[in-house]
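Below is one structure, written out as structure tokens; comments come after it.
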Amino acid sequence: MTERTPSPAVDLDRQLADLEQEIERLRKRSREQSVSVDAELGPLLERADHLRVQIYTNPSPWHIVQLARQSQRPRLLDFVGTLCSDVMELHGDRLYRDDPALLAALARFEGQPVVVIGHNKGKDTKENIARNFGMPYPEGYRKALRAMRLAEKFRYPVISFVDTPGAYPGDEAEERGQAEAIARNIQEMSRLRVPLVVVITGEGGSGGALAIAVGDVVLMLQYAVYTVISPEGCAAILWHDASRARDAAEALKLTAQDLQTLGVVDEVLPEPFGGAHRDPDATFAAVREALGRHLQALREVPIEILLDRRYKKYRRMGRILEQSEQSAQSSQSPRPLAGDG
Amino acid sequence: MLNWLRRPKYGSLERREMPAGIWAKCPRCRNLIYRKELERNLKVCPKCAYHHRLTAVERLEITLDENSFREYDAGLTSTDPLGFENYPAKLSEARAKTDQAEAVITGEGTIDGSQTIIGALDFHFMGGSMGSAVGEKVARAAERSYEQRLPLVIFSASGGARMQEGVLSLMQLAKTSAAIGRIHDAGLPYLSVMCDPTTGGVTASFAFLGDVILAEPGALIGFAGRRVIEQTIRRKLPDDFQTAEFCLQKGLIDMVVPRTEMRSALARLLAFVGAPRVLPAAIEPAPAAQP
Amino acid sequence: MLNWLRRPKYGSLERREMPAGIWAKCPRCRNLIYRKELERNLKVCPKCAYHHRLTAVERLEITLDENSFREYDAGLTSTDPLGFENYPAKLSEARAKTDQAEAVITGEGTIDGSQTIIGALDFHFMGGSMGSAVGEKVARAAERSYEQRLPLVIFSASGGARMQEGVLSLMQLAKTSAAIGRIHDAGLPYLSVMCDPTTGGVTASFAFLGDVILAEPGALIGFAGRRVIEQTIRRKLPDDFQTAEFCLQKGLIDMVVPRTEMRSALARLLAFVGAPRVLPAAIEPAPAAQP
Amino acid sequence: MTERTPSPAVDLDRQLADLEQEIERLRKRSREQSVSVDAELGPLLERADHLRVQIYTNPSPWHIVQLARQSQRPRLLDFVGTLCSDVMELHGDRLYRDDPALLAALARFEGQPVVVIGHNKGKDTKENIARNFGMPYPEGYRKALRAMRLAEKFRYPVISFVDTPGAYPGDEAEERGQAEAIARNIQEMSRLRVPLVVVITGEGGSGGALAIAVGDVVLMLQYAVYTVISPEGCAAILWHDASRARDAAEALKLTAQDLQTLGVVDEVLPEPFGGAHRDPDATFAAVREALGRHLQALREVPIEILLDRRYKKYRRMGRILEQSEQSAQSSQSPRPLAGDG
């Protein structure tokens, strides 16, 4: 994975993009010059369809990034509206503002009370502007924490839906403590005394996602992504070339499958061929089944054991090497260092 | 600087925090400063008080009582879990440049006699970025604080999460914050010191979770980068945006403490929160002379 | 309105919440509304949705299940601890005007079958001001919630502390908040409903301490008075300042719920937080017929 | 106390004000017309001195209001600077802003660690503008709460110094939840798991004072005041005449002595003749002695007992009447009401 030549999947993706460009060019010529291009177009369309099937069958990470960001992809309100009943939205952090980019609600899942939180991305420009494209301010995270404290008080599980490009990178968000709000949530979720189930449904954008994504169980839709930095941002920093986002998407290991392998995601929920938006009901059904199963199992775990498991789960994450010559000394018995001055 | 803690370990290259020479040019006031004077002044410019960045070793040297430091987990390093382009080479380069295995040093020591667990991030090592090893060492330091009922002090200096470890580096935010949560549960003090720069993932985890948060003057402190913010809001930000002083005014940190006073501020705070005291040998009662 | 709860007690004068007559003029839209229609619509203007103020009795009538209410501490009243000019006369006047002993009614009842402790402040009684008796009754209601492990619902409508009782009225903020603190400690739900107006001392105590805070549309909610603020900042405030909708946007309350939906919202919340259910007699199994 | 004629004390105060006006008039005439007025002035000055002694010996509530607001009166920083060592100020609520109107600090009192909070009034216009005349925004109260939580974590007592005209009545303070911040503090102080000692040193202005004035022991300087509303505000509301503030000051029972009688204040600390500013050291000594004595006593009380006492203390405050015909029924056994419809 360290080679810089595109993977076969990315290659397919680029072929498709080139083809689509060619098809569009042909169609434009046909319109402008009123000539028929069917003869040329036919094989191209066929080839494009074929490529699409190939891509959907085994989409590249970059293609999955596109699917995760897809504007028709089911959003938080679709999930909550379908999976929950008796939804009562809670507003505000009781400190500064109600942040429409983050939803907090009391609701019932399969008849049982739960607290639901989630990034509230919109489906169209108007919704997205109203909800800041699902990018919370600190007050969004603080509202989520307030809702989670209610869950803790009433001993109801928390279900968190993750779908954000990231925490909003604005000056006012910084001034009001974006970092503090995220850090606080992460810490408090690591010791919240109720079961926490996270579903990453679309974009899991770095700290802005993690701020509501610490859980006993982290589920992830097949074509969702979860990453420490956007592929574009990564490419810009590493190669000073945002257009190399495809390569970055490969390198970052941001797909559900990769993350399960890395131990970050507990279960990947299958999506319909072509993505969740092609058959939302099937997607909802998969989420419902997994949520029900995990909540049921978590309810039976005594809370101290649950907290200990949760702690150890995150405590294990990452890959380290303890060099043999030193680990025996350092890990078990700290030793003084020889100073040189 | 005191030099009692410096030691070659990955020692392939000479230390290069500042360009060699008898004179150093201050990047802020542009004055030429006699390097020895700068070192004596803890790398704070005597003309304009600019705080030059320190290595983790320098930080520990000027903070801890002499020869009181015992390092933890010195050999603990990150691997290349994603097979990320160039990452092994970058790690080697950073090791060579800093003589350090990773971007944080952790251990235990005393500050003016008060025992503490301590960690210092090193911006010179891949921008102080937090990968699995940095997260692990910080989490272990917090756990040792918990087990030994000792305070925890962490100096942060970091550009954020280490993207070469992908989401595993993001998970270090959760790992370290959970470990800090445990020491809060146990009623143990945790002092966070933010040095220039403390940004990104480190701010969104342990750096902002201190009982008391201190910062060095002028330190850059923030979650998102200035350029990203300016692109987002389509305005220029004021010069003092995300400085320690700005954060103080915005209520995000407790104190801005000049480097020359940091050791005594930490000592007072540790004494306040009741860190166990280790008396210097000199003032321990001498054994009675044998007749 | 349902009228099942109304009763003369200090009954010297007829009830005068609204001027008598067949027609009522809406103070917002100025339309003449057939009074019976207005009453049927829970005193919400059918033309412009203006929420007329309710008495505490009316509030309980439209909220509780019929005949489910048992009042607490009906005879508990304030005294005149400071010997404050005119206070006894004002109390008498308020009692005559409202048929109530004090500015709050507390008790227990069911909302759509869910058992709850409930209180309703009455703005018609000396502006719903909180003196010793109001504080005592609210604190006792909270304590009963604690003892009986029942939820607590309080409808606030108050101009603030009752200055005729001096600092003793201020102390009711501490008394009520401490009692609410106990029910939070016990993990019991407390729903606070802010009605027009909820200002001053009541906001700075129990009204803002709800697990969930609801408000009626258009209700005035704030700590300081508009005139005082305008004098302080030397600017005119916007019209919507300190309205329920304004507070919702500022993140201070959870929901703005029209009066016609309030009962069902409370019922859903109480069911959510697990209030004990009392089945209506009608659906309890009938005793087997004796042969 | 319900009469509207001024009390003798208020009367003295008015006589002095009239005399001082007359003296100033004479002196002005002397300056402008270069004539000697000594013969006229002598008896007036003597009479004024006499009146002052009478007033200081038995000051009226309105005069005490003036003493409490006196610009030379010792301020928070005087108390903290004199009574405490090792003071380390904490800044900020970690949410929005650092409020200079409210100070929070770690410090030592008689060598023991304590957390100090207090309204930070200034001594001159410049200081007062910087510190908003000791009128906190919500973030000030939230900073105080954060400091108290630290005290709780480390099990150190809290000392709170109260001296404020009130919480700041500004639009932004309202928008950021002034009422919520005060309510939260009151609730949390009522159950904070460490000893809390309050010293009312100057103006105890309503909810803005109470927000840091819930304590196991509430001390009050002899010429401090503590009131639910300013005398001016009270007069304006009751009589539509702010100039009747003297009468309101009488009626509100806002002096330390009155408040001790009402059970709101536990101990009145004597001030020097003429007020704390006439001999600050004596004032500091009195506060030091009382603080030391009470903290010592409180340290010995197990925390559960302390919390129970604190709860009961506030639970008792106020004066109520339970009417005999109803109280037997209502207080012990709730009864259904006869409906009329």
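A, B, C and D are the chain letters, set down in written order, and residue numbers restart from 1 in every chain.
Rule of thumb we're sticking to: a contact is a pair of C-beta atoms (placed from the backbone, for glycine too) under 8 Å apart; a residue touches a chain by one contact, two chains touch by 3 or more.
Everything quoted here is computed from the prediction, not taken from an experiment.
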Task: Interchain contact steps from chain B to chain C (minimum; 1 if touching) - done: 2
Open item on the list: Could you work out how far the Cα centre of chain A sits from that of chain D, in whole Å?
Closed with: 53
TODO: Averaged over CA atoms, how far is the centre of chain B from the centre of chain D? Could you give it in whole Å?
DONE: 44
Task: CA centroid of chain A to CA centroid of chain B, Å - done: 31
Open item on the list: Which positions in chain C are in touch with at least two other chains?
Closed with: 184, 208, 250-252
- [ ] Return the residues of chain D touching two or more other chains; collapse runs of consecutive numbers into ranges.
- [x] 94-96, 176-177, 180
- [ ] Please categorise the chain-chain contact pattern as a line, ring, star, complete graph or other.
- [x] other
Open item on the list: Can you tell me which positions in chain C touch chain D when the two form their complex?
Closed with: 2-8, 67, 69-79, 81-86, 101, 107-108, 131-133, 135-136, 139, 161, 163, 165-175, 177-182, 184-185, 200-201, 203-209, 222-225, 228-229, 232-233, 235, 237, 241-242, 250-252
Task: For the chain D and chain C complex, residues of the former touching the latter - done: 1-2, 4, 167-171, 173-180, 182-184, 186-188, 190-191, 206-207, 210-211, 214, 226-229, 234, 237-238, 251-254, 259, 262, 264, 310-311, 314-315, 317-327, 330-331, 334-341
Task: Partner chain D, residues of chain B touching it in the complex - done: 184, 187, 189, 208, 211-212, 248-255, 265, 268-269, 272-274
Task: Contact set on chain D toward chain A in their complex - done: 94-96, 138, 142, 176-177, 180
Task: Residues of chain A defined as touching chain C within the complex - done: 86, 88-99, 106, 108, 113, 139, 143, 150, 153-155
